[in-house]
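I have placed the structure first, in the form of structure tokens, so that the comments after it can refer back to it.
For clarity, chains are labelled A, B, C, D, E and F in written order, and residue numbers in each chain start from 1.
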Amino acid sequence: MPAEEHHRNATPATPHPPTDTAEEAIWLWTQIKAEARRDAEAEPALASYLYSTILSHSSLERSLSFHLGNKLCSSTLLSTLLYDLFLNTFSTDPELRAAASADLLAARYRDPACVSFSHCLLNYKGFLACQAHRVSHKLWSQSRRPLALALQSRISDVFAVDIHPAAKIGKGILFDHATGVVVGETAVIGNNVSILHHVTLGGTGKIGGDRHPKIGDGVLIGAGATILGNVNIGEGAKIGAGSVVLIDVPPRTTAVGNPARLVGGKEQPTKHEECPGESMDHTSFISGWSDYII
Amino acid sequence: MPAEEHHRNATPATPHPPTDTAEEAIWLWTQIKAEARRDAEAEPALASYLYSTILSHSSLERSLSFHLGNKLCSSTLLSTLLYDLFLNTFSTDPELRAAASADLLAARYRDPACVSFSHCLLNYKGFLACQAHRVSHKLWSQSRRPLALALQSRISDVFAVDIHPAAKIGKGILFDHATGVVVGETAVIGNNVSILHHVTLGGTGKIGGDRHPKIGDGVLIGAGATILGNVNIGEGAKIGAGSVVLIDVPPRTTAVGNPARLVGGKEQPTKHEECPGESMDHTSFISGWSDYII
Amino acid sequence: MPAEEHHRNATPATPHPPTDTAEEAIWLWTQIKAEARRDAEAEPALASYLYSTILSHSSLERSLSFHLGNKLCSSTLLSTLLYDLFLNTFSTDPELRAAASADLLAARYRDPACVSFSHCLLNYKGFLACQAHRVSHKLWSQSRRPLALALQSRISDVFAVDIHPAAKIGKGILFDHATGVVVGETAVIGNNVSILHHVTLGGTGKIGGDRHPKIGDGVLIGAGATILGNVNIGEGAKIGAGSVVLIDVPPRTTAVGNPARLVGGKEQPTKHEECPGESMDHTSFISGWSDYII
Amino acid sequence: MPAEEHHRNATPATPHPPTDTAEEAIWLWTQIKAEARRDAEAEPALASYLYSTILSHSSLERSLSFHLGNKLCSSTLLSTLLYDLFLNTFSTDPELRAAASADLLAARYRDPACVSFSHCLLNYKGFLACQAHRVSHKLWSQSRRPLALALQSRISDVFAVDIHPAAKIGKGILFDHATGVVVGETAVIGNNVSILHHVTLGGTGKIGGDRHPKIGDGVLIGAGATILGNVNIGEGAKIGAGSVVLIDVPPRTTAVGNPARLVGGKEQPTKHEECPGESMDHTSFISGWSDYII
Amino acid sequence: MPAEEHHRNATPATPHPPTDTAEEAIWLWTQIKAEARRDAEAEPALASYLYSTILSHSSLERSLSFHLGNKLCSSTLLSTLLYDLFLNTFSTDPELRAAASADLLAARYRDPACVSFSHCLLNYKGFLACQAHRVSHKLWSQSRRPLALALQSRISDVFAVDIHPAAKIGKGILFDHATGVVVGETAVIGNNVSILHHVTLGGTGKIGGDRHPKIGDGVLIGAGATILGNVNIGEGAKIGAGSVVLIDVPPRTTAVGNPARLVGGKEQPTKHEECPGESMDHTSFISGWSDYII
Amino acid sequence: MPAEEHHRNATPATPHPPTDTAEEAIWLWTQIKAEARRDAEAEPALASYLYSTILSHSSLERSLSFHLGNKLCSSTLLSTLLYDLFLNTFSTDPELRAAASADLLAARYRDPACVSFSHCLLNYKGFLACQAHRVSHKLWSQSRRPLALALQSRISDVFAVDIHPAAKIGKGILFDHATGVVVGETAVIGNNVSILHHVTLGGTGKIGGDRHPKIGDGVLIGAGATILGNVNIGEGAKIGAGSVVLIDVPPRTTAVGNPARLVGGKEQPTKHEECPGESMDHTSFISGWSDYII
């Protein structure tokens, strides 16, 4: 997502990152520390939390590794082990760091309830689950599968977000609220996608192989939507809340209902222009949804 | 909810509180302690738990603060800090205490699986999430927003209930099962409302402002229902399980399905008399649901 | 489920247990230890976890009791107490042990993402929640209700799976992903049933009594399906993802949609042959679903 | 120690056990539970602690195993593992159970600050360290040395009592206050011995072999005494506080000072009659200590 | 201890409290917060610790209660319970608060290694053990003996300082290093006393009653000294390190050695002027110790 | 200490490191892993502990950092923070790593109860306290004093070893048993020193400045010895157990008793040849101790 696009959609008060990636990371970490410092001063009861999670760290990857290690640890998977694993992975893979930055920006600019980058970093289980998934995905791709699966299990226990380590997820992703999200083994999610809570990208049957959905760039999937099987959700498509989708959805169209129908009809579905994964417009399709009869 | 109404609906075996509010609180705490004492005697393995959570405390607010502090704490947000925060808030705000009492009564009298007040106090994540939300809402209204948001995050991690601190919630609320409930920033929930698990009161788009549902008194929202946008669910209305609602629902009518339709039709919807948020009748509308064709 | 049936459906690479029950248990534990040993050697970072949870134990029930005790404990319900409770229950009830074995086999043979028995034992919250439920059910049937309810609450907090202790559940059950599953007090689930995440087997109203669904053997219930009231889902039936079901579903038929309809029509629904709870076929009914119009 | 002897020395208020060993164990556990029940009723703030540690258990060995498991656990040695280890060992070895009973009686009858058996069981680090040592000693004798040494280390960290697993310790032992006690590998301690805090039974040099003290029955060793090398402290001997002893001490004599001298002189030391390990008389030798000149 | 005396002995850089008690408490807490703020700014890695223990609290008693609660808690005695107990006790007893202030001043002005008040408050186990003892002493005097004894046990486990709850301790006490200190049931310690580590104020025999030392005001007891029996250590007396004392020591004299002798001889012991409990002079008596012969 | 010297004193069964320092470190870590692997195979109950502390790590400094982080953490000083601090310090300072190796060799070759390097690494609180002190000393020398003092406090709480961060300690140090050791701010300890438990290197008075003992190379200090003031203990000197030393002790002489005397007399003390810090001979001086009269 080009930085300019952020700017266009952002509210006036929202600060804007530089367009260069390396500078963006520095700018972002500076913003996060400034936010945390401001909050720590205003709220002494939270200062300890803010210092331990953000202000005592020298970089975003250290802060994130610390926070994830403490969130995902258990009595049999110690925080020190997880911290080490996260820090080593984030430190050696600039792609993961860039993805984390893009996800922070996505939450900040798309979710009006996201008041600051630090708020997302500390409190958004969707953001945290997604970063932890990126690490488990890397472990999976390195054939460290038992460890990747153990991490998936911890993410599912702690955040109620169950993403198979093999699933491929792009950048600039917003998992909003995130509780109950399930993403299967062969699912692929493009860039700048927004996925609400209770969304399932599920498989079918007990046969292995490529059996999960492929989500194009800029897609928006509403709360509780269930997409099953190796189907394509075209780029910029919109899936209404609570929809059940088992067949391909063309790009920049909207599918709603259970069973899902295309707004505008199967033959000539209405095409929308903007990128719903970024505009987060869940309901503008109502007028076009003929049998929404209340 | 007037105490008389409890009485009418309650099963014969259920004890009844006095009608005076102050006496009700004392009566309720006495009941809770008696229940816990009986259970501790019958089940030594649970006695330690019952003493630490209930029997060692001198009031409901102390018990609740202790229990919430221990449930919601993490390695970076210590139980002592949270206990202090909860106790200070409950001790200084009689409204919050009255709401907690009303919620306990709601669970006890509406949910046939709720065998005792202490069972609800200790074990109902919906009850606990709601009380913790009331504290985070108070912090929000005092402009202690970072702390309110940190609390929201802990509630979402621990109970899988995600309620924005700014959301306004009445008294006598039953969040039954509660897993997966999401309530957005500008949502308003009236009194004596019953909300099942996986219910979403969501927003639309990335623009801030008043963008979430308003739920009238006595509404019943079935499991998995999704209500999106700044719509009004009129008092005493009933939303069927799994429904997706994006438009206003008139008072004392029933909306079902995805997309949701009014039972009896849009023009002359069937009006029911009783208060479904209290009767918890999820399915009586079936006969009037014309295309329920199994 | 006869062991032969496992074999027929299993992928070629999957090892097969002996047909004798007692031998099966030994064979299964041997497999689990071999898997864990292999993983511990390949992944030193996970070896500590694998030794503490599996390799240091002398039997499946000890391993399971240890793992559940550590997962479900809290600051007020100590791991040693829970470990003791689980171990005593599993050690004295061969039925519970047999059910755990059958559930492990079910996950391994039905879920293509389940790469090993140890993966299921350690990481599947549906499996773990189900075993813990079996213990709480036993406590319930022994009139140790407060302890049973406390356990239910811990399972709901930790795994986001809320099963009332009184609910009766058969063997060979797969709760896949499991987040958000709710099963009510008078629900009954047969053998060889597969239930996806977000499934509700709920009650109706505030009146007690027999008010939850009865699920026949071999049923498959898709993600997000909601079944309410004392209805019968006939053996081998299939409930589509996201369906809302309030009326009986005949054996070996498929119900889909919200409101749910029978594939093939109410009068002459299409009957399928195989056992969907085992085949896990979620989507083959699409061609027969006339108004699936995308 | 014959039970009669207890009786003679006990204060009038102290209850007396039956003389039969099996009955004594039952009597003792009954006493402990009665004490704990009385204290739980009088002090609600402590009731949870008393239920979890004593009142929820069916036997002394279960209570002790639970308490030790929780006291000695660490983030890398889990309480469930230690509980299991202690319970298995105490359950299968009646000698260890008898020794624990004898030690409880010893503390109760010799230490005027010991107000109840449950006080000793819960709060005396000397008692707890000694019981844990008995388990580590058993592991050592079964050639499970790394585990025995890990246990020794935990005892030393938690109680500041460092007893080598190979050291042999009799019954009816009182380690009073206990902080700083060090007992070396080849030390032997007889029955009915009382040892105060900071006492060292140490070795000499870097050569292995039999190099630590042998302490006879009924010996009393005062606070801070240091006994080094393979020396014999004869039965009923008394070692004054702060003494440094490197040579044998004859039976029923008293050694005091640094360097230690025999009271009454080396040639004809004063012989006392009673058993100081039981009478706990630390100071009656003063009049006989010629150069105590203050 | 008059504040002027502090001043005289203090190093020039040390800040001085006001002479009024109420003002002193405010001044002290202001100092502590300023120190902690300075340290938090200089050392981000410690800031979280400093905020949680000091900077998030509104008073010294809250900070101390939080710190003690977290230090002394265990898996069976929760931090919230202890925090509550400490806070209630300190909040309602100004004597305990005044004693804590006096002890902080004592450490700061007598121990050259004590660089700040906050250093003592956070890190001095002698200080923390003494404050916790004051609470257990209060509980004892209120006949809440089982709770007092449980607290004594936790203090002994965590700090290796074992003070019987019945022991009476004055103000302005410095327990320096503190490991291994043992103070018996009927011991009495005056004001402005300094006691080094490994010091025992012990009893004799197994008979109850008044059997422990009485320590006068301003006494200094060196490391490892053992004082046994109901003896009087006169005000301003000095007990040399490693001494064993079983007989009264006159005021402003020095006892050294094992067995202890009076410096200057039994008949005409040398009298010193200053108050050794405050001057902390351990060794000036050497010249007067005739047989110190190295 | 030259490696050859180890060899000479070592028992035949003890493996010998290479003489090159870099090779020695590799050899040592290889030995430790082999020991741990052997123990893990022999004792499944300990395997999890051995994998988490040793076998999952790639170097001694990682293992040590993990172990210290988990041992020294508290609810307000998290293990991840400490792990990070230890790992950063050990990774960047080869001197600290070399000292840790030398200390492991010292324990293994001097203490007959030390059966393996891994035993010392995991279980010797003296070894662990010393390594943690080296880190706190480094922090002190970098003017990170509050953090250094917080670390000192944790070491004192957990291991009952209280070493001021400013104290300078050489290599090849054995703190045997270690409970109760106190080392003051301006103390200096040379190389190849062995110090038993309860040893104090203390200061005098309340005046700052250079006021603690200086311990030469190869010194042996027996259990409970107290050395006070800025005195020199000459290289190779021996201090008897329980001695109280306030004046210089010449090299290769032995001081014993309270007050301490030189063996052989003040004028012509007996000189011994070997290095007692390595031979650990505590008692050979007895024959020369004229008034040891038992």
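In the analysis below, contacts are C-beta pairs under 8 Å (C-beta built on N, C-alpha and C of every residue); 3 or more make two chains touch, one makes a residue touch a chain.
Keep in mind the model is a prediction, meaning the values are calculated, not measured.
Using the contact threshold fixed earlier, the set of chains in contact with both chain C and chain F is A, B, D, E. Across A-D and A-F, the chain pair carrying more C-beta contacts is A-F. Separating the CA-averaged centres of chain B and chain D is a span of 55 Å. Rounded to whole angstrom, the centroid-to-centroid distance between chain D and chain F, based on C-alpha atoms, equals 28 Å. Multi-chain contact residues of chain A (touching two or more other chains) are listed as 45, 48-49, 52, 56, 70, 75-76, 78-79, 81, 160, 179-180, 198, 224, 242-243, 258. Against chain E, in their complex, chain F makes its touches with residues 74-77, 81, 85, 144-147, 149-150, 152-153, 156-157, 160, 162, 164, 179-180, 182, 184-185, 198, 200, 202-209, 211, 224, 226, 228-229, 242-249, 255, 258-262, 266.
Contacts from chain E toward chain A in the complex involve residues 40, 44-45, 47-49, 51-52, 55-56. On the side of chain C, the complex with chain A involves touching residues 9, 11, 39, 42-43, 45-46, 48-50, 52-53, 67, 70-71, 73, 79, 109-113, 115, 119, 122-125, 158-160, 177, 179-180, 196-198, 222-224, 240-243, 256-258, 278-284, 286, 289, 291-294. For chain B in complex with chain E, the residues that touch the partner chain are 48, 52, 56, 66, 69-70, 76, 78-81, 83-84. Residue ranges on chain E touching chain C, taken from their complex, read 75-76, 78.
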